[in-house]
Amino acid sequence: MNEDIYGIFLLIVVGPLLLAIPALHSRVPWPRHLAIIPALLLIVFPGDASLAMPWFLFGTGFAVDGEVRWILVMSVAVWLTAATVAKSSRRNPAYDRATPFFLLTLAGNLGAVLATDLVGFFSFSTLMGYGFYGLVVHAGDAEARRAGRLYLIFLIVADLALFEALLLAALTTGGNLQYVVVRQAMAGTSSSQLYLWMALAGFALKAGIWPVHLWLSTTFKSAPLSTTLLLGGVPVAMGLLGAVRWLPFGEIAFYVLGMVIMVMGVAAILYAVLMFFMHAPLTMFPVWGTVAVTGLSVMALGTGLAHPAVWRQYEYLTYPFIASLGMFLAALTFAIGRLQDKRQAPEVDLQRVEVLSPWGEGGMGVIERWAEDRLLILRSLWRDLRLKAVEQYQRIFDWGKPAVFIWGWSATITMFVFLGLVFAWLAG
Amino acid sequence: MNWDAWIPLLVIASSLLPGLIIFFLAEDRKRLRTTLNLAGALVKLALVCWMLWGVYHEHHYETRLTLLPDLELVLRAGPLSLLFLTLSTILWLVTTVYAIGYLEDSPHRSRFFGFFSLCVTATVGVALSGNLITFLLFYELLTLSTYPLVVHRGTEVARRAGQSYLVHTIFGGALLLLGTVWLYTLTGTLEFTPRGFLNDLGEEHRPALVIIFALLIAGLGVKAALVPLHGWLPQAMVAPAPVSALLHAVAVVKAGAFGIVRVIYDVFGVDFAAGLGVTEPLAWLAATTIIYGSLRALFQDDLKRRLAFSTISQVSYITLGVAIAGPIATIGGVVHLVHQGLMKITLFFCAGNLAETLGIHKVSEMSGVGRRMPWTMTAFTIGAFGMIGAPPVAGFISKWYLGLGALEAGQEWVIFVLAGSSLLNAAYFLPILHRAWFQEPQDAWPEEHHFGNKETAWALLLPPLVTALMALGMGMLASAPFSPLGWAQFISQREFYRP
Amino acid sequence: MEALTLLHWTFDILLGLGLLWLGWRVLTSPDLFNAIVLFVAFGLLMALAWVRLDAPDIALAEAAIGAGLTGALLLAAFAKLRTVEKNHDIAGQLEKGKLENRSFQWWPATFLLVVAAGLGHTVLSLPHYATGLSAEVSANLKSSGVSNPVTAVLLNFRGYDTLLEMVVLLLALLGVWSISGSALPREAAPGPILDTLSRLLTPVLILVAAYLLWVGAHAPGGAFQAGAVLGAAGVLLLLSGWRLSSHLAGLPLRIILVAGPVAFVAMAVFTMLTGGQFLEYPRAEAGTLILFLETAATLSIGTTLAALFLGERPKNKREYP
Amino acid sequence: MGALLSEISWGVVLILLPLAGGIACFLFPRAAKVLGLVSVFAVLLSVSGLGWNIKVNGIYRHAIGGWNAPLGIDLYADGLSLLMLAATALVGFGISVYSADYFEREDAARFWPIWLLLLAALNALFLSADVFNLYVTLELMGLAAVALAALAGGRDALGGAMRYLLASLLGSLAYLFGVALLYHGFGSMDIAMLAVRVEASPAVWAALGLMSVGLLLKTALFPLHFWLPPAHASAPAPVSALLSALVVKGSFYILLRLWLEIFGPLGGGVDTLFGLLGTGAILWGSLQALRQTRLKLLVAYSTVAQIGYFFISFPLAASAGVTAWSAAAYLVLSHALAKAAMFLATGNVLRFGGHDRIADLDRVVQRLPLTACAFALAGVSIMGLPPSGGFVGKWLLLQAALTQDRWDLVSVIILGGVLAAGYVFKVIGHAFTLADISHESREVPAKMEWAALLLAFGAILLGFLASPVLSLVGIGVPFGVSEVSP
Amino acid sequence: MSAAFLFALVGVGLFSLGLYALIVHAHLLRKILAINVMGSGVFLVLVALAKRTGESQPDAVPHALVITGIVVAVSATALALTLMLKLTAETGRAELPEDQGK
């Protein structure tokens, strides 16, 4: 059984990576779809399978079982959609440049889903993170770069926190970082609280959980649909997945942290609702949706931490929940994105047509440009109509460009203070 | 006839002889020179592989020549020696290929390659040294053979850089000499011994030993670019790219770092050193260097200078690893010797490619270069991610063991240093990557050369790709039996912490 | 006896003071020419002192070499110096030379006074009676081949020193020739008096030299003194304008110049080949061999001294076109 | 073969051979070059013969004229003498090869006889066991050296030579005064006998003072070095090499010998004074060398500095005799080779470019790579970097200083090395500059470049030969019994 | 106090006098004279002290040494004078070039 599935496992991860290279020169047709096929096969393939890879990093492995298949299904669906969406805007030359990143991100995602231990998960999710960065900024405008920068900072800080957690886990278990082993080992050690804090902080940052969600809102403003679609679903799902897999839920009761997390979840939902009403543009809707929904999940996590019994009761729901959550968010983003696209499509395409089609679709172009102008007027009118007061409120929460900067650094600094406090506590 | 005793000497000779011959070749004997260079490198590689196999199976390779009445010149291939030796040998081969491409048609090639081979000879000698005086000998030879390489361009800036290099290294060499002699007068031996040879020394010598340690570390710290002895390194950037690559990745800085490893583990013995209380200050010094180098790197626009400050920072990981004085951290430090070498040499190769192909010297000129030279920049990206410590590039492995080792040794503060350094590394590398991959190129490159439909010459492109792949492979395959990590663990078990 | 001792004492003290005074005058006399003349006088006084010290061999050597030849060298140099300085058109150079440094310098003087006092004390602290090596010398005198102990020491006991001494002379000549270059020997017309004088004196001097050489074996005299006299003859000839004919100025001259050292080297090789030590003469022939050596040495010394006086190397057209 | 080797009295051969060679050169000036080269090579062989002899039979002693010591003169050679003789022969041979192309026709006729007589003088000096005989050899050496120094002619050379001559004569006279005192005090001139008879007395102290001053003056130890730079800097290159590498060592050897045998055991603070002067020499010489703008002067001042190292051994010898003296001996040897190479290299530069201004060396050095290499290698030894003879010497010196906790001397030794690096690289740095060619160049014969290079290489090679060399030097125990090693 | 010591003291005096003149005077001819006077002083010490044998025959060895010394002195003087003349021809002054060293 394992022998049969061996190659496919490898392909799943290595396939997209290998495809990334020819994709640099766009030599392969349909590279994005091609890359997803192995994963698709894996879903269809019946039965559980696992593969140990002792030679990789500190020794890791891949495995498919019922739980993983849920997530896999969600991922494949989301990625397929994204690939298709992206395919439709083929004329965009940024497409070719984005493809490698798309593939890298895909590889990271799939690898993280399949990994059977912490290091594997960490490595692949890091790959995914940097891939996302590429996807976010590949459009290349200033807004995108700003978003990318923010995203990067969060990503790096998150990785640091997770790295820390990893070290603690490795120290406790003596190098074996299988999920099961770690969960059990961490339940009974003094450093488990530090580990929890670190891992939670890391995943919070990665998933864009309030109050460290900021990269999400900025990114959504500027990224193309194929990216936002992914951003909407994948990171949140992966963040939650990571948290569920890394943390000894159900085995440890950590009331304080649980409560803190629950409060954060509530606050996130409140915040999202508030913002949704004040921050009217349609594009941003998925953002607030995401924030709100993740708030919900965070509440769930907090509850699990505070009351392990509750967690154990509903544990069987975890993976379907994560998968459906991801799916839902992606769908939400996609839907709104399509609407958005419909309105913005002429703007983009017209310019491209003008540049790219020398054989004269002149008439059509003129008409479309006229329509575009009208649309622009409409949009500015609409913007002017917004209440001044709303803008004032908005500033309280989101100050725009300076805020991005401040948020980024404050999050980092908090992180360090946090680390220090916990160490002091540990040492004392 | 015991051939095992000759192999270390042959390893030395395999670069020394070609070097000496090359000095006397006419400038236009390109083919012969190339053949000599590559043949030497390949022979050396073969010998090293042979010894790797042998040492793993407990063979002993040792050459002894009398140097002073009671002191011998000892060349010995132990596991630690072989780690550094293998690194030097492989990178010499790669760098030679690169240099052949890089120096196409530039003047004084014979001189360059001659000193280049001498430099490698010295590095190999440093690696194989079996006692402190042999180490000192090759260490100084390294100083002498790199100086001409630093000033190779012959400009005023180069001359000043060379002067700065000399002032630092001569000064350092003097301190090292002093420490060595002093140690010798106390112990009467200088032989590198697993777990040190000072254990039997009386209590009354402790203050002297502390000073000796400081002297040795100061002497080695110059080459290892420990703050505040790092001043020469950024200046030495005026040298041609292969030199910078060799200087920063293999030869010079590594010789310093390797020396520090030797001093702590084979001269003092790590437990003894920790007992003296000297490792902790060293760890702090290394930490300071790590942060300082990264901070300085943030503000450099000149690409090579940025890389140089990055080197300052990264090399101190090695020092930090051994100064933490625990078995796991040691593995991290020692394996970083190799990892940093591969990653940094990749980066320098790429920087050289940019300069040679497009005339790019500054970060601010790199906009959109990823599209013009995708392969080069891919290699660069891998190297940069390795530096940041992102998995699965080799740098991750080093950081992992360093962090784990620090926790194990109860030195939690090191985690902050690592985290801070990673952040800073990201802060100065990621903008480069961003600019290269995502920004629109400018209208024209500063000075563009065309190489047919390739992005650059093969000899320039292959080396960074090879080293980048190796850096990647060493990270991904860290658990494979003959990976540097595996070997570092082997070293730690066999030499440093054998019960 | 008392009176004689007193007389001797008085004489010795006066002689010593005279030496000191002359030495002082030589070094401080304002006029360089006067200084040189005084130096010759000083040398003669030194010779007197040697006699008082029972060192007639040295007295002879001093008179001939120290006073005579050195004086001649100094005077010749002085004359040339005047020409050179005139050529350089620096009027009053010599006058300046006269006047230079007349002021007394206290620091060196004080310092040297201390040194002199210290050395004086040292000398006085030496034992009042010491035989040195005189016992050994007289014990071995018989087997040395000569009966004059000084000659025995010079040519036999410490013959090696003498060998090197010959080399010193040769070397000085080589140095002088090397520095001052070569010139074609040019005959100058001598004044009538000098001409006559030299014609009369030269044979006499050669005879004296031969006598000194011969007598050196058992009485004061010997190769150096004889050589010096021979040299004086050469100087006289040179002063009177005589020059070596140019075909003799090459190899033949050089052979004569090195005859001394060559004789020594030959002797050394000979003695060693016959199974002895370096310069170990067979006892029986020692006297003869020493005489042979001395003859060669005398020739060389005389010629060398004369050549030193001449300064430039006599040019030989065939060898140095 | 062995019998033949030990049959011949090589010491005598060593003296007579160059002597005869010199005379032959003088007699047949046209063949001077060939005769000279043959003689020097024969001397080299004879030194090997003597070395073999000493190695087999121990100390070499030869009573000249069959009279034994107090009355006659003895030749004496132990390891130390052998070392000096070997250094002389080796360096002398290198310089001779160089000179064969350096001097032409008339100059050759002037150079060769004097040089061979100088060689004879040096050999005689190193073999002598009699203080007065040493005086004669000293004079012989001094006059020959002066004659050579003046060889170039011209204002600088003549001035330098004149100053040198005066200093040399003064030194000899002071030495002779010391000889007089020793003889009249103790009735012998044989060093070994004096060593037995001498006891502390005013005569000995005065003799020590006079002889030391005289010999220091000739050795050019700071502050009595004033004559050296002008003389060494203005002489023709091979002559400068001879003067710096060998002649200075002659008087040092006498001082060392007298100290070891006669004065050293008496104690007193003179060794401290020597140490101080040595320190002064190292610092002053190095700093002056750093300041020079002309290459030859730089090298000459480097000699002043290096001489200082020899004298550092004196204060250290009290309790680490063998190490300190071995260090001195090794430094003398390696300095001889290295400094000769340096001066020869300088000569090449001077011939090629017509000047030796350091700032304008640029292409001169670049187009004479072998010469540059020779200079650099010699520099390595001068700096005391490994692997080189200089390094071994400094290592031993440091070892001796450290076992006695003489931190003052340790710091001076280290500092001297750093300063030396400063001035050596001041020159080498110019090998790589890109300045335009600003002069007419003249061909430099390959032999001249190789001679310099091989000498320099010898200095490096010495770094690997410490053990055999030091064991040879130890024959006859010139440095006393070894102290307990650490 | 005997004649031996008297003349030895005179020798010391001459040595010191000569040294003083050597240091103080700039003119080369004067320096050469000074060296000669010094030499005479040393010779005097050597020979005078040889008279301490207590017999009529003094120690012969120093005598031989002094004869050797006298020849050395004259050789050196000749060389020095030649050098002086050449130097003067170059510089116009019979003094050491003051711009070097010292």
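Residue numbering begins at 1 within each chain, and the chains themselves are lettered A, B, C, D and E in the order written.
The working rule: a contact is a pair of C-beta atoms (placed from the backbone, for glycine too) under 8 Å apart; a residue touches a chain by one contact, two chains touch by 3 or more.
Computed from a predicted model, the values in this text were never measured in an experiment.
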Inset, instruction - Name, by label, each chain that touches both members of the pair chain A and chain E. - result: none
Inset, instruction - Kindly list the shared contact partners of chain C and chain D, in label order. - result: E
Inset, instruction - Look at the interfaces D-E and C-E and say which one is made up of more C-beta pairs in contact. - result: C-E
Legend entry - Farthest-lying chain, centroid of Cα atoms versus that of chain A: C
Inset, instruction - Please list the single chain whose C-alpha centre lies closest to the global protein C-alpha centre. - result: B
Inset, instruction - For chain A and chain B, let me know how many angstrom lie between their CA-based centres, rounded off. - result: 38
Inset, instruction - Please work out the Cα centroid separation of chain A and chain D, and write it as a whole number of Å. - result: 80
Legend entry - chain B and chain C: spacing of chain centres that average the CA atoms, whole Å: 73
Legend entry - Contacts with 2+ other chains: residues of chain C: 119, 123, 126-127, 130-133, 137, 157-158, 161, 165, 168, 171-172, 175, 179
Legend entry - Where chain D touches two or more other chains, by residue: 132, 136, 139, 143, 146-147, 150, 153, 158, 161, 177, 181, 183-184
Inset, instruction - Kindly provide every pair of chains that touch. - result: A-B, B-D, C-D, C-E, D-E
Legend entry - Residues of chain B that touch chain D when the two form their complex: 23, 65-70, 73, 111, 133, 136-137, 140-141, 143-144, 147-148, 151-156, 158-159, 162-163, 166, 170-171, 173-175, 177-178, 181-182, 184-188
Inset, instruction - Could you pull out which chain B residues touch chain A in their complex? - result: 371, 374, 378, 385, 388-392, 396-397, 399-400, 403-404, 407-408, 412, 415-416, 419, 422-423, 426, 430, 434, 437-440, 475-480
Legend entry - Complex contacts: residues of chain E adjacent to chain C: 2-21, 23-27, 29-30, 32-34, 36-37, 40-41, 43-45, 47-68, 70-79, 81-86, 88-89, 92-94
Legend entry - Residues on chain C engaged by chain E in the complex (per definition of touch): 8-9, 12-13, 16, 19-20, 23-24, 26-28, 32, 35-36, 39, 42-43, 46, 49-50, 52-55, 57-58, 61-62, 65-66, 69-70, 73-74, 77-78, 80-81, 84-85, 87-88, 90, 93, 97, 100-101, 105, 108-109, 112-113, 115-116, 119-120, 123-124, 126-134, 137-138, 149-150, 152-154, 157-158, 161-162, 165, 168-169, 171-173, 175-176, 179-180, 222, 224, 301, 305, 308-309, 311
Legend entry - chain D partner contacts - residues on chain C that touch it in the complex: 118-119, 121-123, 125-127, 130-133, 136-137, 140, 156-161, 164-165, 167-168, 170-172, 174-175, 177-179, 251, 254-255, 257-258, 261-262, 265, 268-269, 272, 276-281, 319-320
